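Before anything else, here is the set of structures, which you'll find just below.
Presented sequentially are two complexes of subunit A, the first with subunit B as partner and the second with subunit C.
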Partner chain A sequence: MKISCLQENLSRGLAVAGRAVATRATLPVTQNVLLSADQGMLRLSATNLEIAITTWIGAMVEEEGAVTVPARLLTEFVGSLGSDRIDLDMEEGSRLLQIKSGRAEANINGTDPGEFPPIPTVAAQEAIVFQADPRMLRLAIDQVDFAAAREESRPVLTGVNVRLSEGAFTMASADGFRLAVRNGTLQQSGDEITVIIPARTMTELGRMLGDNQEPVQIMLTPQKGQLMFRVRGQDTVELVSQLLQGTFPNYDQLIPQSYTTRAILGLKDILQATRTASIFARDGSNIVRMQMQPVDNGQGQSGKLVVSASSQEVGEFQQELDILELEGEEGKIAFNSRYLTDVLTEIKGEKVAIETTTSSNPGVFKPVSESANDDYVHVVMPMFVQW
Partner chain B sequence: MPWKTLGQDHLLARLRPALEQGRESHAYLLTGPPRVGKLTLAREVAQAVNCLQGPGAPCGTCVQCRRIANALHADVRVVDIEFSRKVEGRETVNTITIGAIRELERAVNLNPFEGSRTVVIIDGAGAMTPEAANALLKTLEEPPPGVLFLLLAEDDETLLSTIRSRCQTLPLLPMSRRDMLDFLTQQRNASGNPVTGDEADMLYRLSRGCLGWALNALADPQLLAQRQADLERIRETATAGLDARFAYANEVASLFSSNRPAARELLSLWLRWWRDLLLIKENAQEYLHNADQAQALQTHAATLTTPQITTFIRRLQTTLTALDANASPRLAMETLMLNVE
Partner chain C sequence: MKHIIHADLDAFYAAVEQLDNPELLGKPVLVGGRPENRGVVATASYEARQFGVRSAMPMRTAVRNCPQGIVIAPRFTRYREMSRRVMDIFRSFTELVEPLSLDEAYLDISAAVNQAEGRWPLGVALELKRRVKDETGLTVSVGVSVSKSVSKIASDLDKPDGLVVVPPGDEPGFLAPLPVGKLWGIGPKTAERLKSEGIDTIGILAAQPPDWFARVFGQRAESVRQRAVGLDDEPVHTERVTKSVSSETTFPNDLSDRAELRRVLEALADGVAGSLERKGLQGRTVTVKMRLADFATFSRQTTLPAPSSDAAPIRETAWRLLAAELTPGRSFRLLGVGVSNFAEANAVRQLSLWEYGLTTEAAKSADDN
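This part shows the complex of A and B:
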């Protein structure tokens, strides 16, 4: 193997692939990164057996070959070099990778690439199945991944249910106390697929999308039915996710279809009031109460919202906010403060709608906007309190 | 292709039809003394369910079989104390912790990465803490589709009854003398010479029919040298003064905290030495484990009476039981050493 590339390219590639390097590995080889010459590029792959990431960087390939080397060592070494040309050299039959840059030279013991777990891929000529706008995808991921369960008692809930269908996608996650459902559009689509992807993978994908503008390609790998996301930015990155086994609960029936109170609030105001209330709620089971009251000011429906929290030792807090529009009757409901701040942080736009029926029925949070880009529903179970 | 696990025909007769017809249980408990071949059989079962030529005996040549044999397969998850240490990030961990089991559960809920089935091998299931074992119950009772659990333990008594009842038990037995001699005399020793009948006989006695031990000793003469040295120490210590014996007790106690299996192994060496002493006293030399040490045994036995020997053997057994029940290794060893005469 004889390859030359630029330090900044290699460093960037290693940072991307490094996201999938196993930290505490059952298979020691998964702490390595696989380097291989591939069609005039240098391909870098890593996997922790849950996700696999492959990226390509521009390089001059004089002699093909492949090797795996400890990812952390290589990343730190390359990171410590100045921006210069890097020459990777490995003699035929040897497993010692020589890396030269300027007057620095390192020899790193590698292992046989055959020991590396097979990185799933989809041949370029195979038809692209789905394409999505990376910005919309990223927003959707941000809005659902936090609602997935952290603990494993119901494994499917640690994942995000992703349904790709004709022109549209739906992502949903739930942890038993809250449910987030995000709809979006696809630029290109194939046969409908529904899979459950570990929430950690989705978070990783969201990070990888960054500010990319190029459409993201989504496809199933032919052998194992893993889902692959091909992100095309400065470098092409392929992220393949293992899927969670099982069936996601039918969540449609959990979304309340009607409400008795609907309040539209300024997002900034309610977020700020919730955050302040959280400080007081910390010592008292994290309960934040909301009371929505109509106010007759003679100009049609409007009202005020009282956000309050208290704990016996610390004291109490309450804040009044103007409701921009109030539909229905008086309503009161209590939520876990963390669930409130989580959802209000991720809703985009100026306004948010809160819909409730009784204080023991789930509350619904929705963005208020004309744009179809805001098809988001977030359901939170209330906390039972004495009013 | 024949199965490579030797001396366990009684189990293969049960497993083979089940694997060929895809009727295998979702969880097996493989029991047997150390090095009898539990991990070998487990890996072979993992190969059988992933083999591209399957179903049936693993071909041993396809990519799946080869990766499993080389411990490279992503879907054959070995959970042992080593894994537990990695998960906990502490080298001092001596059990399979609940953290390790949780990490495992994450993995088993994912589709297989490269094979057709995920196989979980819990090597040393007896090392699971009660919390870890309890955390495993739900998954063990009803694993995700396609996941096969293989629990390996020396003795099923060390496991929770709730774990045992969720598995089919496959007891591995030591090999018969004839089978082992037949096999070993076809092998070569570390210096490349064919194994002689005498060598094979010694290995059989020392390994007590556990082929893995015999093969290890064959490949690594160091192992036999170490045993020689250990026996030397045992002989010396047994006849030494109190100071030396207490120093020895201390040594074994600290070995016990750092490497429990090794310390147990050492104590069973003691036990076997004293068993041999008894055999000599009773003129039953042909059954000696340490046949190569007959001379030293004779000399040692001459200094003891039969009741002395049987009493000490009983003390050794009490000590082992106490240690398994988590007695303080140091106190248990000191008591034992105090009572050598």
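This part shows the complex of A and C:
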């Protein structure tokens, strides 16, 4: 193998593929990255057996070949080099990879690529293919992935339920205490299909999308239980993930269809008040209380919100906020502070609507904007407290 | 002398549904799991009971007996809330309240009774019934006597909206004509056996000689004999601490089939979830008990993310524990599922989305009907 490339390209490629390198070594070779010459480019692949990431960087291939080397060692070494040309060289039959850059030279012990787990791929001709705008996809991922369950007692809940249909997608996640549902549009559609994608895969995809603007391809082979995202930015990146098997709960009935109190608040104000309250809630079961009260100013349209938190040892906090528009009766409800900050951090725009019925029924959070691009509902179950 | 009330809300779950949705008033209401999901009846309204529908009957059978029945999924959050309100009313009469489930309690009203001032047990019972009706809209059947076991039998005799007072000293006469099966501690099988000996009423039972009792009931002989004549000085326990709820089953033949084991385990988990709901408890620790063909017995347990009484997490967690123990050739004599580590009833807790889902499912099925 004899390949030359630029330090910055290799470093970028290693950072991308490195996201799939196993951190715990059940299979030691999965801590390696697979380097191979592929159609005049250098291909970098890694897998932790849940996901696999492959990326290609521009290179000059003089002699084909492949090898796997410890990912962390290579990444740190390449990162320490100056911005210069890098020559990778490995003699036929040898497993010692020589890396030269300027006057620096390293020799790294590699292993036979045959020992590397096969990197799965999804072939376009046997897959259902969809195409989406990366900005919309990333926003949707940011708004749902955090609501998926972290613990594994119900495996399907560690995933994001994704329905792809004619021109539209719906992503939903729920951990038993909250539910996030985001609708969006697709640029190109195949046959309608619903799959459960591990939330970790979605988080990784969101990170990978960055500020890309090129359409993302979503390719599924449901009978094989896999899907692949092909992201085209500076480099092409393929992310292949296993799908979760099972049935996602029917979540439509978990979204309240009516409310007795609806308050529209300035997003920045409520987020800031919630964050401050969280500091005081930390020692007291993380409870943040909200009381919405109408204020009679002749028009009967506005009100105030009192956000409060207390703990016996630390003390207490309370803050009043103006409600921009209040519909319905006064209401009070208590939430886990983390669930509140999580959703308020991800809602976009200037305002947020909070809808409640009773203090033991879910609160509904929605963005308030004219944009059709903002089709998001977040449902949070309250905490049962003595008022 | 003590004065004890046994209070039992009439067709509680169904009554709450009728209260919340007046369109259901006067109609046969079946609260429970849906027939297509092999659900069972948790409570049937009195209108439905006329068609022979009983609690614990498969919903499929219930719907066959009573096709006009309106099937409603239970809303336990709401029942717990109503139960709390009723228990609070009970506690305003006496601090000595022993809840048996969401809809049933013993009250020691001795302190509230003052016959010199005209406060008779009957008056207290009437006021209790009136206040429950006025403040919650529910009817309660009440039995009053000097003992728990007699009051419990009395409350059942005049349902719904019943009131039966057994004056002190009248207990043997009150019990005598009743079937033996009414007596606490005499199950259907014992009742059958007694009947075959010609003993079908409590009076005939009470007349048996002591050595007969000793032969038939062994160690329990004396307590059964005393209860048969209405003697029972069991106090009202205000704190009945349940530490775990569990259910187990021994198989007629050892089981090794994965699917079959899973089916059995899930049925056990559903049963445990049901009793947790009835007791108003939510537990954090799920335990699976296993006994192998060679009688080796062991258990595995794990903790849920939050206290629960929902069937789904208990089922899935129990199955995960059992699945890890399944190895080829291993067969099981016994399986058990238990839930423990309960959250305090009024403690601050995070409410569950799935529990809320049950309530909206209930609302939806009410709309469908």
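Convention: the second predicted complex is superposed on the first by the 375 of 387 C-alpha atoms of A that agree within 3 Å, B and C clash if a C-alpha of one lies under 4 Å from a C-alpha of the other, contacts with A are read in each partner's own complex, and residues count from 1 in each chain.
Operating definition for what follows: a contact is a pair of C-beta atoms (placed from the backbone, for glycine too) under 8 Å apart; a residue touches a chain by one contact, two chains touch by 3 or more.
Given the structure is predicted, the values throughout are model-derived calculations rather than measurements.
Partners subunit B and subunit C, once the complexes are superposed on subunit A, run into each other and clash.
By the touch criterion defined above, A:24 lies against subunit B but remains apart from subunit C after alignment on the C-alpha atoms of chain A.
By the touch criterion defined above, A:225 lies against subunit B but remains apart from subunit C after alignment on the C-alpha atoms of chain A. Contacts of A:117 after superposition on the shared chain: subunit B is touched, whereas subunit C is not.
By the touch criterion defined above, A:242 lies against subunit B but remains apart from subunit C after alignment on the C-alpha atoms of chain A. Touch criterion not met for A:103: it reaches neither subunit B nor subunit C.
The contact sets of subunit A with subunit B and with subunit C never meet. Subunit A contributes residues 24-27, 29-30, 47, 49-50, 115, 117-118, 152, 155-156, 158, 198, 224-226, 242-246 to its touches with subunit B in the complex. For subunit A in complex with subunit C, the touching residues are 149, 151, 153-154, 174, 176-179, 249, 253-254, 256, 285, 287, 336, 360-362, 379, 381-386. Touching subunit A in their complex are the following residues of subunit C: 77, 81, 302, 304-306, 312-313, 316-317, 320, 346, 348-354, 356-357, 360-361, 364. Every residue of subunit B that touches subunit A in the complex is listed here, in rising order: 70-72, 74, 77-78, 83, 86-87, 89, 102-103, 105-107, 109-114, 144-146.
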